[in-house]
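In order of appearance the chains are A, B, C and D, and numbering begins at 1 in each one.
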Amino acid sequence: MEAGLFSLEMQVRDYELDMQGIVNNSVYQNYLEHARHEYLKSLAIDFASLSREGLNLVVIRAELDYRASLTSGDSFRVTVRMERLSRLKFAFLQEIIRQADGKPIMAARIIGTALNARGRPEIPAQLDSIVPLPE
Amino acid sequence: MEAGLFSLEMQVRDYELDMQGIVNNSVYQNYLEHARHEYLKSLAIDFASLSREGLNLVVIRAELDYRASLTSGDSFRVTVRMERLSRLKFAFLQEIIRQADGKPIMAARIIGTALNARGRPEIPAQLDSIVPLPE
Amino acid sequence: MEAGLFSLEMQVRDYELDMQGIVNNSVYQNYLEHARHEYLKSLAIDFASLSREGLNLVVIRAELDYRASLTSGDSFRVTVRMERLSRLKFAFLQEIIRQADGKPIMAARIIGTALNARGRPEIPAQLDSIVPLPE
Amino acid sequence: MEAGLFSLEMQVRDYELDMQGIVNNSVYQNYLEHARHEYLKSLAIDFASLSREGLNLVVIRAELDYRASLTSGDSFRVTVRMERLSRLKFAFLQEIIRQADGKPIMAARIIGTALNARGRPEIPAQLDSIVPLPE
């Protein structure tokens, strides 16, 4: 595993499967979101606290490549790497990998920003120090 | 249909099915909740507005009888009747009925109360006037 | 509205909101999927029946642009237009638009294919006749 | 902890919260179901395999007592104890307990049976040996 890459291990739950017997498409976004929040928490940035203070981290674009499916009993890990795209935009590069055999399940690129209580872009100071703007 | 009974028509969505090809158990609670909120809205009680004002309607007990299953393509209606149990408790008697043949799918009894911002029971005035306390 | 464009009206349900008080990111994929399935059904292609016969329509890539958020009480419509990309690939171009003011909420491009029971790409005959291959 | 009691540790995920900032009512049923499936798996009974063989474990009644709420960041454990009610019925007695302080969050009694491919009650042999009928 790449040095410095955040990785969270999770397990498929049967209620996440759809009638095809595989994890439903929309559930992967839940997995990705949970891993991003845990990643941010590991950097002392708490999504829920920010939200209560009126500072909302929001997704503005998601690109999701579905490579293979997860099914009942599968363990998998979700990785996160964050990049600064501009003053107001961040990209989260994420992968979902099946534990048993390392099979890539999904590659995702999630672009986000932060909005303050007035709905205006405002980047939390903590994020600024973690992913500084390219000079 | 019983006079004065609130009824909401809905339709199964494929993402609500689980690997058994039927609507997952937990999804019925979503249906019931949506019908309760629409019912309350028809009485000019808006769950979301109350929540933003710090007054939270909460469920304290749910009794759910699963009679039969809904599956892809099914239309159904969810009924709601509200009863006052005590100064602080309300019961919602609800049924889910398949449209095509009137088959009963679920009978539910949901008991709720309301909590203010300090977590103390506090019944919104509108509810008091709609379902008065038994003398 | 564009001639021949499929459009489905839906309504936000309160259980779809997250702690930010807006519809959670992953829920939009549910909306999009439901509209695609209804669209296909309008063309006599039933996702659930195909699935039971071992022919699975699957998403291989999703591109989702989040323009604005839906919240409690919002009605919206989801549009669908299908394009043939190649012998084995289809694109669904979709939009989510708020009813009250026509505000664009999401633009999506969902690329899919179909897999038979052996996991091999196999396009259902009905799809072939609806969206013929470009010559 | 009671000897022989099955217990599964889980953690709240932010997408499970609703606009009140607490875990949505219906999500607890997901937690309970996941714990039951893990419990059964620990007894070599796999819900998904049974389902693929046409033997469906189904819930016929759920009684859920909501004692307190879980919120962002909470860890909790879900316990499971199974009882035989009759030849065709089982009860799962379950609790959800917050890890930080042992606070009871939910007590549940879930009654289930099993249906074969023709929709008739049929108890898998493994269950019969694990929870024998009272003489």
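Everything that follows uses one rule, which is that a residue touches a chain if its C-beta (ideal position, glycine included) is under 8 Å from a C-beta of that chain, and two chains touch if they have at least 3 such contacts.
What you see is a predicted model; the values in this text were computed from it and never measured.
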Inset, instruction - Count the C-beta pairs in contact for A-C and for A-D, then report the pair with the higher count. - result: A-C
Legend entry - Farthest chain (mean CA position) relative to chain D: C
Inset, instruction - Using mean C-alpha positions as chain centres, tell me how far chain A is from chain B in Å, no decimals. - result: 33
Inset, instruction - List the centre-to-centre spacing of chain A and chain D in whole Å, with centres computed as mean CA coordinates. - result: 29
Inset, instruction - Return the distance between the CA-based centres of chain A and chain C, expressed in whole Å. - result: 23
Legend entry - chain B, residues touching no fewer than two other chains: 14-15, 17, 19, 21, 25-26, 30, 33, 48, 72
Inset, instruction - Would you tell me which residues of chain A are touching chain D in their complex? - result: 13-15, 17, 21, 30, 33-34, 37, 41, 46-48, 52, 71-73
Legend entry - Interface residues, chain D side, partner chain B - complex: 19-20, 25-27, 29-30, 33, 48, 51, 56, 58-66, 69
Legend entry - chain D contact footprint on chain C (complex, rising order): 14-15, 17-19, 21, 24, 26, 72
